[in-house]
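Across the two complexes that follow, chain A remains constant while its partner is chain B and subsequently chain C.
Up next, the complex of A and B:
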C-alpha cells in the first residue's frame, strides 16, 4: 500500500483481466476507467460499514487504552499524565502477581488438556459411526450454553454443603472437599469446568482436520504393519499439526480472557485465589475506578501474550519447514 | 504419506482385513463415547431436575438426584421476585437486533471482500482479521468512556452498537462467497441488474446456509455475552438475562431453587437455537478453520 495509485491501477487491471466476462458486458456506465471507479465505490459501500465498526471498536480503543495506561484516569475523566507510574505500581502489586499466577495455572491446565482430550475424542468420532450426530451435539452443549448459567450450576454441583460431588464423595466414604470455597482448590476446579465447557469446540475442529487425512494413508500404514500408536505418532499428529498450533493459540487467548465463569462462581475469592488478570482489570477499572491502572495491567497481559503467540507461530512454522 | 508412496502396490491387495477391523471397533468406541457424552450433558439434566426440586430437597445432604415431584416454586419465585421477564425481553431485543445487523453487514462485507477489487480491500480484510488478537479487556475501558461521553451507558443501544458487525462474521461470509459459484450473479448482471440488486435479490437468497450459520453463531454469542453488559448496564430494568444471573450469585446465596429455575430459563433459548441449527453451526466452525 506504499504506492496507492500503482496498487489501485494493478488491482483494477487485474479485475478487468480476470473478470471482464463478469462485469465487462453491458455494464452500465462509460469507459473502463469510470467502471473502475464505480467498482471502488461499490466495494467500499459494501464493506465500509463492517470495516468501520470492527476496526473502530478494536484499534481505536486499543490505542486509547495505551494512552490511558499512562494516566490516573478514574473512569469519569481522562486523568492526568503520570508517565510510567502505573507500570511501576504494577511491578510491586501483589494482587497483580497473584492474578498472573492464577491465569498461568489456568493456561497450564487448560491448553494441554483441551488439546489432548480434544484430539482423542475426535479420533473416536473419525470413522463411520452410528449416533455421531448425537455425540457431537452432546459435546457441544456446554460450549454453547452461557458461562454465567454454567457457573451458577457448577456452584451448586460443587457446593461444599449441599453439592452432588461432595454427596458422592461422602457416600463413597471419602472426605468431602471445599472445592470452590477452598483457596487451594478453587482455581483447579474452575480450570476443570473450563475444560469441560470448551472441550466440544476442540473436538469439532480436530474432527474436521482428521477428515482431511486420506483414508488410504492410514490403511497403507496399517498394512505395512504400523500399529495404532505408530499411526497416531507418525501420521495423525504431524497431519493435524497446523490445527494443533491454531487450537493452542486459540486456547491460550481463551484462557487468558477467562472471566465469565468467575463472575458467577467465586468472584475472585476465596482470598484472591481465583482472580485472573482479566478479572483484576475489571475490578480495577469498574469496581475501584482506577481505570488508568487497569489499562496498564491489561496492556501488560496483552503485550506478554502477543509475544508468546508470535513466538509460538514462528516456532511452529520453523519446525514445520524442517520436517 | 511417505508410507503410502513406498508401497503403492500393496495397498489394494488386502481390503478384507481393513473391513474386518472397521467392523469390530464401533462397540469399543461407544463404550467410551457414551459415558463421555453423558458426562458432558449430565450437569444440564441435573440443572433441569434441580429446578423442580423443593427447597428441602435442595438443602439436603447427601443431595437428591431425582426430584420427588415437580415443584415449580423456583420458577414462580424467579418470575415474581425479580425482573426476569424484563431481562429476558432485553436479551431478546439485543440478540435479534445483533443477528439481523450481523447478517446484513457481514454478508455485504464478505461479498465485497470475496468478489470486488477495490482500493485497500485486501489490507482492510487483513486488519479486520487481525482484530481477533485484540482482547476485550484492552478495549473495554476506552469503549466505556466513549459510550459514557455520548450518554449511552446504561441503555440497550450500548449493548447493541459494538456487536453490529464482527471480524468472525466478515471472515465466515468472505470464505463462503469465495467458494460460491459466480454464474448466477453474472447472469443477473447481464440482465442489467445493479450491484445492489444482484446482492439483495440474487446473492442473499442463495447464501441462506451461510447466513443461517452466521445467525446461529451470533445469536449464541450475543445471548451469552456477559463482560460488556456487566460493564455497560447499571439499572436493573436494563439487565440482560446473563447480567441478571450474575446478580443471583451472592444475592440469593442459598435460594438454589430460584437460581436453578433462572439458569434453565436463560439456557433454553440458546439450546433451542443450537439444536435447530447445529448442523450449520458445526459446518461453519469446521469450515472456518479449514478455509
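Up next, the complex of A and C:
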C-alpha cells in the first residue's frame, strides 16, 4: 500500500463526513439552525485566540516583511518602493553567496550527523542500564541549555590561545588549531558545536520511537536467527523511518535558521566565514540599516527552504515513509 | 457561551487601547524608560544617580536598565523596538549612529528644549553637541566623550626591557615594544586587534590613516579614499606586527577578550580608551596611559562621543526626559559618574569644580586622555552608509591580519564594494 492512496482515502473520508453533516443540517424550524450557530461560535471561541495569535505573530509579520522587501526601508523610515531591485542586488552580492555556502555546509554536516548519532545514542539509551535516567538527561541538557551561554562557553573552550582544546592538543604533541579564529575552520567548529547542542532532541524522539517497537518482533527475529545487524537493518531502521523523515526535515529547518551560536561566538567573522543566511539577514536589517534588502534575503531563504522541504516530504512520501 | 463572544471582542478592542495609553494624558508622575547599555562600574554608577533623581524629583520616575545588551548592541535593540513601537524614552547611542537614527520620525526634536539656560548647552564640548545634532535637529544630550589612547602594562614592559611610551613615540616604537613584550610561550602578547568584523575592527585604523594624510572618503563623500597610499601604509603597519612579528592577539570578540588579557597582565599595549579605567581600577591593575604613537609628530586620534538619544512618546514625556537629562549631565552629577567610571568630562566647567582634583588623582593618566581630546581632529563620516563601508573595511583588515590578503588588494576590494553603495543617492 503506497502512501498517496492512504492520504487520498483520508481526504475522501473527510469529504464524506462533511457531506453527510451538510445533508443532515437544514431541518425544519429555527432550533437546529440556532444550534449550528452556537456550535460555530463555540468552535471559533476555542480556535479563535490561537488563530489570532498565529495570524498576528506569524502571518502579519510575514506579509509585512514581503512588502518591506520591495522597499529601501531602514526601519527608521518607511522607505520608498524599489520594485525588484533588492532581489536583483542579491544575485550579485558575494556575501549572500558566502552566507548560502556556509548555511549549506552546516546543513550537510548537521542533518546526517544528527540522524546517525541520534539513533545510535537512542539505541544505547534504550538498554536497561542502571541509572539510565541520568544518562538520558545528560544527552538532553545541551539541547535545553541556553544557546547564548553555550556559545560563550564554547568561545572559551575553542579559543586559539587559551582554550582547553588547544591545550590538550599541545600536551599530546599535536599542532594547535585556529578554530574560531581561522576562516577555514570556524564554520566546521560551529557545525560541531551545533551538532553537540542539538542532537539531544533527536535522541529523545528516536528513543520514544524505539520503545514503540514491540519486544515480540525483536524476539521473534532473534529466534529466527537474525543477528544484531540484521535486526537493526530490517526491523529498527524501517520502524523508525517516519520519525527519521520528520527529524530530517526538522533538522533542515533548524540548521537553515542557525543564528544564536554565531552571535555569541564569532559574529559572522573572521572574514564572513561564519555568516549564515539568517545572520546576514539580521546584520543587514539591524546593523547596516538596509532592512528592505534584508527582507529580500529572508524571503529568498524562505522560498528556497520551502522548496527543499516540500521536495524532502514528497520524496519521503513516495518511498512510503509517511503512513 | 454566547456571552463569551462579546467579552472576547471587548478584550480585543481593549488591547490596543491599553498600549497607546500613557502618552500625553495623565496627571501622576511621568514614567520614563531609559536603556543605558552599561555594565559593571558604569551601570552601578548610573543607576545610583537615577535613584537619586527619582528621590529628589517626585514629578518624574525614571526606570533605568541596560536593556539586556551592551552599548555596541543597542542599535539593533532600539531599531527592533522602534519597528514594534515598544521603544524607550532615552537610549544610549554611539555617535556613529546619529545620522541613521535621526531619520526616524520617532526621534524627538530637542532643538528648542536645549536652549534653556539650565542645560548649559554651550558648556559641552563642541564635538559632543555636534554629534547629537543632525542637520540642525538636536536628538539627544552628550553622554560620554572619549578617544583612543594606548593603555600599557608598565611592569610587563619593564620586564621585557622595553621603554615605557613617551609623548613623542612613533608607530615604529609601538611595534618594537609589542615585539619585545610578546612571548607566546608565556601566553603574553604585544598588543591586540579585534577581528570580529564590526566598527571595533575598523576604527582603530583611522588614526593611522589620518596621520599619514589620508581620508576615509573623497571630499564629496561619494567615493572611498581609504585605499590610497596613506591607508595602505596604515594597514601595512598593523600587518607587519600581526603577520611578521606575530605580536598581535587577534581577538575574535569585539574587544572583550583583549580587555580580559590586559586586566590579567598578559597584554603589553592595548588600544583602548577611558571607558576601561573603571574596570581596570576594579581589577587592581597598575596601568599607564599614552597618546597614540605619531607619524612625523602628528598624534591624531579618533573619538566617539556618545549621546543619550531621546525618543518621542508625546510632549509630556519628551519634556520630562529633557528635565532628567539636564540633571544627569549637569557638572555635579557628571563628576560623580566620572569618579565612578574614569570617563572624561563632557563639558568645560567640570574641571573647575572642587572635586575635580580628586578625580584626576584617582585615575592616573586621565590628564593625558583629556589632553588627547585636542588630538581628535577629524570625525568619521556622518553618513547613513558608513556602517556598511566600515563592515567592508573590517573584512579587509581581518583578512590581512590573518595573512590571507595583502593590504592594497584588501583595501581595493573594500573600496570597490563601498563605491557601489556610496554612488547610490541619499545621505
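Note that in this section the second predicted complex is superposed on the first by the 285 of 323 C-alpha atoms of A that agree within 3 Å, B and C clash if a C-alpha of one lies under 4 Å from a C-alpha of the other, contacts with A are read in each partner's own complex, and residues count from 1 in each chain.
Note that contacts are C-beta pairs under 8 Å (C-beta built on N, C-alpha and C of every residue); 3 or more make two chains touch, one makes a residue touch a chain.
Source: prediction; values computed, not measured.
Considered on the superposed chain A, chain B and chain C are sterically incompatible, since they clash. When both complexes are overlaid on chain A, the residue A:299 reaches chain B alone and has no touch with chain C. Counting the residues of chain A touched by each of chain B and chain C gives the higher count for B.
In the superposition on chain A, contact of A:314 is made with neither chain B nor chain C. Applying the stated contact rule after C-alpha superposition, one finds that A:174 touches neither chain B nor chain C. Applying the stated contact rule after C-alpha superposition, one finds that A:282 touches each of chain B and chain C. In the superposition on chain A, A:108 makes contact with neither chain B nor chain C. Applying the stated contact rule after C-alpha superposition, one finds that A:42 touches each of chain B and chain C. In the superposed pair of complexes, A:161 makes contact with chain B and with chain C alike. When both complexes are overlaid on chain A, the residue A:183 reaches chain C alone and has no touch with chain B.
Of the two partner chains placed by the overlay, neither chain B nor chain C lies in contact with A:116. In the superposition on chain A, chain A positions 41-42, 49, 75-76, 155, 161-162, 265, 267, 282, 285-286 are in contact with chain B in one complex as well as with chain C in the other. On the side of chain C, the complex with chain A involves touching residues 1-2, 4-5, 8, 12, 75-76, 79-80, 82-83, 100-101, 103-106, 184, 187, 189, 195-198, 249-250, 252-254, 257, 384, 387-388, 391, 395, 398-399, 402, 404.
Those residues of chain A that touch chain C in the complex are listed here as 38, 41-42, 45, 48-49, 52, 74-77, 155, 159-162, 180-183, 265-272, 282-283, 285-290.
Every residue of chain B that touches chain A in the complex is listed here, in rising order: 1, 3-4, 6-7, 10-11, 13-14, 17-18, 21-22, 25-26, 29-30, 32-33, 36-41, 43-44, 46-47, 50, 58-63, 65, 105-106, 108-109, 111-113, 116-121, 123-124, 127-128, 131, 133-146, 148, 162, 164-167, 169-170, 182, 185-186, 189-190, 192, 194-195, 199, 220, 223-224, 226-227, 230-231, 242, 245-246, 248-250, 256, 259-260, 262-263, 266-267, 270-271, 274-275, 278, 281-282, 285-287, 289-290.
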